[in-house]
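We call the chains A, B, C, D and E, going by the order they appear; numbering starts again at 1 in every chain.
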Amino acid sequence: MDLATIIGLVGGTVLLLVSIIAGGSALIFFNVPSVLIVFGGTLAATFIKFTMADVIGSMNVAMKAFLVKLEAPENIITEMVEFTRIAKKEGLIALEKEKPSDPFSVKALRYLSDGYDEGLIADMLNKDIRLMSQRHTTGQNVFKGMGDSAPAFGMVGTLIGLVQMLTSMSDPSSIGPSMAVALLTTLYGAVIANLIALPIADKLALRSEQERMNKSIIVEAAIAINRGVSPMVLEESLKIFLTPKERQKAITATAGAE
Amino acid sequence: MDLATIIGLVGGTVLLLVSIIAGGSALIFFNVPSVLIVFGGTLAATFIKFTMADVIGSMNVAMKAFLVKLEAPENIITEMVEFTRIAKKEGLIALEKEKPSDPFSVKALRYLSDGYDEGLIADMLNKDIRLMSQRHTTGQNVFKGMGDSAPAFGMVGTLIGLVQMLTSMSDPSSIGPSMAVALLTTLYGAVIANLIALPIADKLALRSEQERMNKSIIVEAAIAINRGVSPMVLEESLKIFLTPKERQKAITATAGAE
Amino acid sequence: MDLATIIGLVGGTVLLLVSIIAGGSALIFFNVPSVLIVFGGTLAATFIKFTMADVIGSMNVAMKAFLVKLEAPENIITEMVEFTRIAKKEGLIALEKEKPSDPFSVKALRYLSDGYDEGLIADMLNKDIRLMSQRHTTGQNVFKGMGDSAPAFGMVGTLIGLVQMLTSMSDPSSIGPSMAVALLTTLYGAVIANLIALPIADKLALRSEQERMNKSIIVEAAIAINRGVSPMVLEESLKIFLTPKERQKAITATAGAE
Amino acid sequence: MDLATIIGLVGGTVLLLVSIIAGGSALIFFNVPSVLIVFGGTLAATFIKFTMADVIGSMNVAMKAFLVKLEAPENIITEMVEFTRIAKKEGLIALEKEKPSDPFSVKALRYLSDGYDEGLIADMLNKDIRLMSQRHTTGQNVFKGMGDSAPAFGMVGTLIGLVQMLTSMSDPSSIGPSMAVALLTTLYGAVIANLIALPIADKLALRSEQERMNKSIIVEAAIAINRGVSPMVLEESLKIFLTPKERQKAITATAGAE
Amino acid sequence: MDLATIIGLVGGTVLLLVSIIAGGSALIFFNVPSVLIVFGGTLAATFIKFTMADVIGSMNVAMKAFLVKLEAPENIITEMVEFTRIAKKEGLIALEKEKPSDPFSVKALRYLSDGYDEGLIADMLNKDIRLMSQRHTTGQNVFKGMGDSAPAFGMVGTLIGLVQMLTSMSDPSSIGPSMAVALLTTLYGAVIANLIALPIADKLALRSEQERMNKSIIVEAAIAINRGVSPMVLEESLKIFLTPKERQKAITATAGAE
């Protein structure tokens, strides 16, 4: 699972709990009707905004994003350069026997060994990337939509609480606690949006971008293999995708391997 | 009708009603002048923003979106692959007798059987998609416009109520209830915007996007049929439009059929 | 004049007046200094943002938008199909004698009868559309700018009122009325922005879009006439611009005419 | 200097001063520490956001925008049509002796008389326009950045004031005036942003757009001159850049000249 | 280090400290739990939004941006014009021995001396620029994300404080100080966002833009060298990248050198 996400989620939650408990009575911060309004309202709005499949799908996407680690781009480059060597030596047909880890590489190799022409390979792989991005965007949008709805229903809950409090202000000593309860929904909404929904939406976007880059490397390599580019030129060209730091690492690794 | 939308709308409404009733006097939450200001003001602004036809049209679009189910992309692909087989065996002219479910497919087949050239077919079908998207966007914008206006008129109503309350504060015991009434419009505005108008606008956008994808599949298939692409290659190419899950389902279905 | 706009403006105003009068003392809602701050401040900001010509021009654009009705796209299509028939029978030169209602059509026909080549016709007409859109955008921006400034100066007025009230709180009974007056500017700002300025900006954008579509139809028709496309093919191609409903109407009309 | 900007700035300031003085004690609205927090904080944030050269440059750009009047597009068109006549009669080399008012025209004429080919002329002039737009955008961004920071530091100042007031509430009679002072920074921030910084940013954007249009006219004319387009055709083509009103004026002027 | 950034950060901090100390008891503005909630919550959200590597990387990018000065574009132009002269006289191969200061220039020269063709050089250098921009964007996004989270957790802290205060309002004299403490988190959030995080994000964006322009100059020069463009034409073409002021400076420098 993604370490930074755990640290953030656990750390942020602990922090809030500590600051609540340190202030004394922690129980006042838990109120069932308030939880229902904010969580329920946010879920309701999310169901109207999306389809059932999207909502469930986004949870799966989020789970997968936190549990499945993405291949490092260095490794993909190394793998693709290796395939170039094989194609150069034994012909494109030899790629048929290779078993790359990534299903997208599998598809690229199959197109190559099947002898599809360059335009078709690029077209089909790029369309695959574009449509994957669209699907990922839906996942992000579900979380972003929750992040928009949660504070809104927090405010709705607070308004309901305030109206109830204001209409029955006979006992002045009850004003404080009533208002405290009314504010709880705003607090819940702010925490759900800013500690959970919006950050997860951002993480999914980032991950989708990394996956897109990994796949772009594979497309570029597949086209180069088809054109018969030399492994060295391909490696040079693909390394541009890496950060200066990753390039350094990759060079060291290559040097060590030789 | 779209199930998730019902669950969301009904669930969200029930939730708010329960939390209002649980708090005691539910009647204080219903106030005719407040309803008039928020609903009336929002409607007034919407009429200024759009044309009468747009406002009525958007209601129709929304109704249709909730009542008419979109064809699943798997089915469209199956249908189009079938048409490719027919065109291969019996020529483009044979497509004339086919009766696809979708009016857009009907149009595509007619262009094919009429022998229009590829550029013209792509041009006319794509323009149709683009103009449909523009019309759908108007529908979404009407709801989005309502979602922007409702909280604004909620605030206008609250300000009117506050000014009235503040100018006649002779009886301190009436301040609470007066302010409660003043806050009602803000509450109405927030609920209309966040439970109804904005989520529906999002759902319409999502649905328009799905309809656009369905039509893109048809356009791509029509071009391929015209070029005489083989059914198998076309199927491979169209399946990229499906999610990995839908692809799995489609493969199982095909395997079962064979 | 545009009916929906009248309904919206009159209806919204009546609604607010009724809810104010129903609350008793309507006079407290009218305060000259508050009016001056919000209207004056908004005008001042608008003058800084735009040129004098833009501000006056935007009022003209708005007036024209509400008073001059746009030609229905069906009619433009009918007219252009008619011109295609004439050009087919009597040659492009015969278009010289035609007197279309729209000045843009006049220009298109002149280019055709003068024998300009297709590229030049498309270039000049499209540039005309693009520059018209830019001019219209300025008109919308003036109203949008007012819609941004009005709430800001409403807040400025309220802050000035609050500061004055807070520094001289000797008489507690005057706090309420003073604060009511302070809130008036916020109310004015919200009404100007949300009932007048922003909705009008949206209506102008919508109308500009419709005008752009009308002109796009003319450009497409002009190019087709120059290429000698048959009236029937042109009609088919132009009808894609219509909504399904308008198409139905156009078909009925044609059927009735035949 | 730009008249509308003066009217706006002076009018808006006078308006605010009048409404402050009319309310009695105007001195309470001037508070040195509040001025320091809002102005100083805004300046500090602006320095972090931009480079020193950008901040100073943006002031120069703003000054120049208010003091130097842009050439009217009609005049540029008249001038360019005249150059076309000269080039037609005496050849491109004759343009060398012409002294257009605009430095951008000077450059265009030089490229023409130096015999650069069309692609190069268009490339270099368009790149010049694009980079000028980028520089202007920085100027606008400085003012927009100030407009974002001013209300933020207004809020920071108010929070500081509130915290100080709330910790020492021994004397209830001092609460009002203390809070009035705390609100001053919010007032300053709102006025700086909405009367000065944001409107000026908008005016700079508008002016940059006009300058870009003027230069686009020159580029189009330069290309036409190089191609040997006739003065009349060029005039027709350039007049599309004008508003209908300006066109009318230009036609009248031409008619008067003939 | 970047002077404007230091002035802004130090100046802004001093300003706030002075206005706090001038108000008397400065200690009340420092509260450990409040600091924890805002800083901790912001960090937690940032960790969820990004990867650990991104967060650390963004700090490095920021550090580098403030410590390493960018080459002035004039100098890069001078250097590239010099390389053009060398290439003209001694051939592209002679560029191999040149040692430009910028690693990007080194790469460009290597491609030139290795005899890569123009398309490949442009492709690889432009891809490098695009991917560098993407990496820089991540750095900016980390700071922008912090700037979004800080005020949100400021509000969360204030809500927690208010709820705690409202539930235990037995002693009226403690209300003021409790509320002061509750407001501290909002103050911290506003300062972190508006004095630190958002301005730094803007500065990084600006710097990335300048670096992109520097590299664009190198790409354009490399292509021109490969095409054998004369040094004088190249200089003319590259100077368009400079502001009028920088051009003046460059001309003076050249004149002095001759």
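Points worth noting:
As a working rule, contacts are C-beta pairs under 8 Å (C-beta built on N, C-alpha and C of every residue); 3 or more make two chains touch, one makes a residue touch a chain.
Note that the coordinates shown come from a computational prediction; the quantities given were computed from them, not determined experimentally.
Number of steps on the shortest path from subunit A to subunit E, with steps defined by chain touch: 1. Note: centroid distance subunit B to subunit C, computed from Cα atoms, is 25 Å. In terms of their C-alpha centroids, the spacing between subunit A and subunit C amounts to 41 Å. Chain contacts here close into one cycle, and each chain has exactly two touching partners. Round the ring, the chains follow in the order A, E, D, C, B when counting starts at subunit A and proceeds to subunit E. Of all the residues in subunit E, the ones that touch subunit D in their complex are 2-5, 7-9, 11-12, 15-16, 18-20, 22-25, 28-29, 176-177, 179-180, 183-184, 186-187, 190-191, 193-196, 198-200, 202-203, 206, 236-237, 240-241, 243. By the touch criterion given at the top, residues 33, 36-37, 40-41, 43-52, 54-55, 57, 124, 127-128, 131, 135, 138, 145, 148-149, 152-153, 155-157, 159-169 of subunit E touch subunit A in their complex.
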